[in-house]
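Paired with subunit B in one complex and with subunit C in the other, subunit A is shared by the two complexes that follow.
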Partner chain A sequence: MTITATRGTRVDVPAALRKKRRRHRLVVLAFLAPWIAGFLMFFGYPFVATVYYSFTRYDLFTPPEFVGLLNYEFMVKDDPTVRIAVRNTLWLVALMVPAKILFALGLAQILTRLKSGVGFWRSVFYLPALAPPVAATIAFVFLFNPEYGVANAVLGVFGVDGPGWFTDPDWSKPSLTLLALWGAGDVMIILLAALLDVPRDLYDAADVDGAGPTQKFRFVTLPTISPVLGFAAITGVIQTLQYFTQAAVASGVASNRASTGKGGSDVLGFPEQSTLTYPLWLYVRGFGQNYLGYASALAMALLVVAFALTVLMLWRAPALMGGEGENS
Partner chain B sequence: MTATAVKAPTSARVRSSRNARRESFLFWVARYSLLIALGVMFLGPLLFVFLTSVMSGQQALTTDYWPNSWNWDNYAKVFTEAPMVRHLGNTMLYAGLATVFMLISSIGPAYAFSRLRWRGRNKVFVLVLVTMMLPPQVTVVPMYILWTDWGLTGSLWPLIIPNLFGDAFSIFLLRQFLLTIPKEYTDAAKVDGCNEFQVLWKVILPMARPAIAATAMFMFFYAWNDYFGPLLYTSEERDNWPLSLALASFRGQYQVDWNITMAATLLVMMPVMVVFFFAQKAFVEGVTLTGVKG
Partner chain C sequence: MRRTSRPASTIAVIAALALGATACTADTGDKSDIGKGGVTEPTTIEFWHFFADREAETIAAVVKDFEKKNPKITVNVKSGQDDEKMKQAISAGQAVDVGLSYSTDIVGTYCSKKAWRDLGPYIERDEVNLDDFPEVVRGYTAYKGTQCSMPMLADVYGLYYNKDLLKAGGYTEPPKTMSELAEMGDKLTKLDAKGNIVQAGFVPLMPFYENVASHLGPAFGAKWFDESGKPLIGTDPAWAEMLKWQKALLDKHGVDKWKKFYAGAGEEFSANNAFQTGKVAMNIDGEYRGAFIKADAPKLNYGTALMPVADSKSDLYGSGYVTGNIMGIGRGSKSPEAAWQLIKYLSTDTDAIVKLADGLRNIPTTKAALEKSSLKDDELFKPFIEIFNNPKSSSIPATPNGAAPQNTFATFIDSWQTGKVPNLETGLKGVDTQIEKDLKLAGA
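For the complex of A and B:
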């Protein structure tokens, strides 16, 4: 009875309007079609498949064999290198990400105070961020070479005996951090836009109240730009979770051996696994040693963390979603 | 009562202006010495890469940083020591096709996510953002197995073909741009009897040309810089290596001196920087749009 009633009301919608609606739906689908296909093929399928492979033993040559939770158990209990990889990645998350954001904020802050030449200096600070990561990493490994690199020569002028940088396990991650700071220009651009968006009246009001520069920064600038800072922090962490290229290239070039090809996997992490990040270890296990089931379990753990952070970001940054609202 | 009320701010202003003068002088000194120091920090590495690239091979291994002789032929040697033309060709194939494919497949979805009205639009867009944010390593194992089954590992096609099916970051960036086009333009076209495809083709595309150029540029340089993807798929197949892989193993694989390596490094950096020089505005606007506007 109720069903027929609701059906009845739907029939009341004029046939022409219904036809128009159906047409509109088809138009939307037509526009979305490539993305829908791509989403299912390159995200939906591999997502389900990763879950499946993580419960199997698979080496690409013999069919996958179901092993239950063995991969996960091995990951937690019997693979000490996972712990090293997690620690290295956490180091980068805890130190490299904040260092890069603070540095970028400092640069952006300096740019807002310049009276002239803003465009020039912005380009100077941004240019290195454009350098291809492989090229930038090779350049840094050479410039920070302990024997003939220019970095230690400069330190020598000040009477400092420079460290081994990329060849010293204690200094390899700080060296990668310096490389990240050199490329802080992209974050700087985003923060600069946020700083320029802070309403001038707020500063004027603070001036009337007799606030100094530090107070203005603390009570006006920081609260206004904090959503953008939060966004930069979370994207920074997510990017660092996939930190691969710089670590791989640095270990290859600093150890003077090829890091490509199957044999290359034991070079990764040089010196002494100090640059062996989590994705690097996933790569070695999965594609250097062909433990694809185990690599899938490693991928699942990464997925959980990255997904949690993504949700956090989408929740923190509704502006990303809404845009200018419902323009049709 | 009124007198004190007037007086207090005046004396405060006098004090603060004196402070401000002293502070502004100190700031001036600090700011410019800091700027110069920072400028050296940012451009210094590039300068030393350049200086090394024209040195002799022996001098590159010394702490003498000004070239004793200017060996411009180091740049020619880059191409004779390793098959760099072939690697460049591979990179151009990857970056060129990826960009063209992305444009074909991503403009439509971006249009649907920004200018068409439909139920659940924002919820579905969250899926685009999620695919954009998640690390590629998360889906890499099954994709590798799939491409192996299709016999395409060893080539760059596993990195090119997916761009035919919409690239999440490009859709996101294009959408952000398209949202800024005022509604009135498309409404006018619709009143004139254009359907959605005609609106996209005749109204939106011409207006969004700078945005499309910026998105294409980001895609091109993403592919140009990509190391993880090519390493995964073409590692065993040296003939199919793009520049990024060739450069990373330049010394290890081809036993090349540092001066030639630095010349190659600079050559790989050059295109991005030259394009930036000419298209600075589009670059900066694009990067700004990837951040959230407050």
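For the complex of A and C:
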């Protein structure tokens, strides 16, 4: 009965008001139209097409052939390299992301304590984040070349025989992490803003209670900036799951091999597949070896993992960082 | 009025988008009616190739000659294009009228998937004699009977050696067998006080520049596939022999020392190439290296030689690995006739081939061009011509998944040379298994 009454009420809306509402909706739709068009073109269509292709055998040149779950079965059972790519990517997610956030937080903390020259140092620390990733990676690989690089020359002055950095499989991912730390200015700047936003009253109250620097950081700073830390962690994880450019350029340059003409697929992952991230392997399979259907299945798996990790972090992160729980 | 339910409309949208996705790939572009030939209306075609700098200038000069001879055709040259860009452009329906690649790995895909048009009707109509090309060239330009590409010069791999370094080591001749190469390579390798390699006699690492399985395998008589397309890496003993020979050389100084040397060796196609700077005494490389040495290290005192072969395969001496640049007409080409005219010119016109070969220092692919080229009298070039003409020279058979078999093998070699393979024979059988699985995924 209630429903009928509600519907009846809608019918009773005056025609002029209905017309006004309809016009309002059309205006809203018109303003949203560019976004909707972009969304459908650059997300909706590619997403649906990727889902579709993931169930097909597709090589770019011939029409896709439906193969059911074959690509997903192959991924789980018959592609040993995908496991290497997953391991490399998880390594970067587990170590590079926290390292970058902690490093950026440390820099931001230092900047909040500086008495003078804050603007200068803020610019200095932020500038590397503006460097194009390709150029920055090439420069880094040269600086860390074990034979003629500056890094090992400096270490040599102290009698240390520097490692192979980007040419040693044990050092290649830590070297990429160093590169990420160097470019941590983007995270630093938002953490600096968050730190400067912590109310002074809270620190004063903590001082009155006799809290030391560690306690103030643990019970005042951290809870206050936890939403920003959570944001940095979630975006960091998503970006690292898609880690491509730096790994591709570093492997290409460090391998000393020509990739001209072939598009680089045969040097990606150098040395010994230690820099072969999941998106790189997806690219090699899709565009180097013509398995576009299989690459689509790899992309779907990546989407599911990224989505699951994001949900997990949104659910648990506030509680872990001293917030009010999963609903905060 | 009946309204479509939300799930039903969602499915309809997904289906429409999926159909749209498939529609993008429907045109195979195979036109059987090719007309009588000749271009009568002004036509512009796009020519995509991978060359850059000095080499691109040579290509541009020959294309100008073509335009003079064919005034109705204008060629828009797109240099510096890699295979993956070309692949994406062709699949998107872009008019890549003539595409040039140095990777014969793509022939299997491009021919079987009709990314490049079948040139058979043009070849037949214009009575192009494919017998002008050696068998190995005919092999890598076609796939399962479909001739979708034509050759534009060939690449042959032989041995480069630094005469001064060999002389300092007491050698006057380059090695002819793998045991000689190993012995000389070891003797010519020099270490510093810390045990780091400062001069390499021969770098056994794979990959090291052009020292890769596909280039070294023929010297051991190793075969990739049998007649039916079944991989032979796990069953042809030549592969195991090659890898054991290579590992023994690596182990003399340890793989880490070699890797450290490689890290400072300089990029392959730069003036810092380690052979060009005198850091490597003997190196496997293509005939094109001569042009780079001339440009970047003209004072280098070097020689070239046939590839050394396995001691037990002396009959293979004089043969080697042959590959080359290949050209095809993209299926989206709007002017296939003009595109064919350019391909025919670049692959069969003697003067054009000679100009290209002399400019790029690549092997001319026809006998007539080889006779006319100044390269035939060049002592440094002769070994490559001999390998090219040797009937035992070979290439890698094309597969529908491009370089995937080579990539799989290269990954295995990475593990092997770092001592992570407990049993070589079992490991090589695993390579075959993976190659077969990959081929099955490709629908082969």
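The rule we apply is simple: the second predicted complex is superposed on the first by the 293 of 328 C-alpha atoms of A that agree within 3 Å, B and C clash if a C-alpha of one lies under 4 Å from a C-alpha of the other, contacts with A are read in each partner's own complex, and residues count from 1 in each chain.
The working rule: a contact is a pair of C-beta atoms (placed from the backbone, for glycine too) under 8 Å apart; a residue touches a chain by one contact, two chains touch by 3 or more.
Everything quoted here is computed from the prediction, not taken from an experiment.
Overlaying the two complexes via subunit A brings subunit B and subunit C into a clash. Looking at the shared chain after the overlay, A:189 reaches subunit B, while subunit C stays out of its contact range.
Judged by the touch definition given at the top, the superposed model places A:146 against subunit C, while subunit B stays out of reach.
Judged by the touch definition given at the top, the superposed model places A:80 against subunit C, while subunit B stays out of reach. Touch criterion not met for A:172: it reaches neither subunit B nor subunit C. Applying the stated contact rule after C-alpha superposition, one finds that A:256 touches each of subunit B and subunit C.
In the superposition on chain A, A:63 makes contact with subunit C only, while subunit B stays out of contact range.
Contact with both subunit B and subunit C is seen for A:287 once the two complexes are overlaid on the shared chain.
In the superposition on chain A, contact is made by A:131 with subunit B only, not with subunit C. Of the two partners subunit B and subunit C, it is B that touches the larger number of subunit A residues.
In the superposition on chain A, contact of A:42 is made with subunit B only, not with subunit C.
Taking chain A as the common frame, subunit C overlaps subunit B at a single listed stretch, which among 27-35, 63-71 or 81-89 is 81-89.
Looking at subunit A, you'll find residues 45, 49, 53, 58, 60, 147-148, 253, 256-262, 264, 287 touch subunit B in one structure and subunit C in the other.
Residues 24-25, 27-28, 30-35, 37-39, 41-43, 45-47, 49-50, 53, 58, 60, 107, 110, 113-114, 121-128, 130-136, 138-140, 142-143, 147-148, 150, 153, 182, 186, 189-191, 193-194, 197, 210, 213, 224-225, 227-228, 231-232, 235, 238, 241-242, 244-245, 248-249, 252-253, 256-262, 264, 279, 282-283, 286-287, 292, 295-296, 299, 302-303, 306-307, 309-310, 313-314, 317, 319-324, 326-328 of subunit A are the ones touching subunit B in the complex. For subunit A in complex with subunit C, the residues that touch the partner chain are 44-45, 48-49, 51-53, 57-65, 70-71, 74, 78, 80-81, 145-148, 161, 164, 167-169, 253-266, 271-273, 284, 287-291, 294. Across the complex, subunit B meets subunit A through its residues 12, 16, 23, 27, 31, 34-35, 38-39, 41-46, 48-49, 52, 60-63, 65, 104-106, 108-109, 111-112, 114-118, 122, 124-131, 133-146, 148, 162, 164-166, 171, 175-176, 179-181, 183, 195-197, 221, 224-225, 227-228, 231-232, 235-236, 241, 244-245, 247-253, 258, 261-262, 265-266, 268-269, 272-273, 276, 280, 284, 287-288, 290-294. Touching subunit A in their complex are the following residues of subunit C: 13-14, 17-18, 20-22, 25-26, 28, 50, 52, 82-85, 87-88, 90-91, 101-103, 109-110, 113-115, 194, 207, 209, 256, 259-269, 331, 400-404, 406-407, 410-411, 414-415, 418, 434, 437-438, 441-443.
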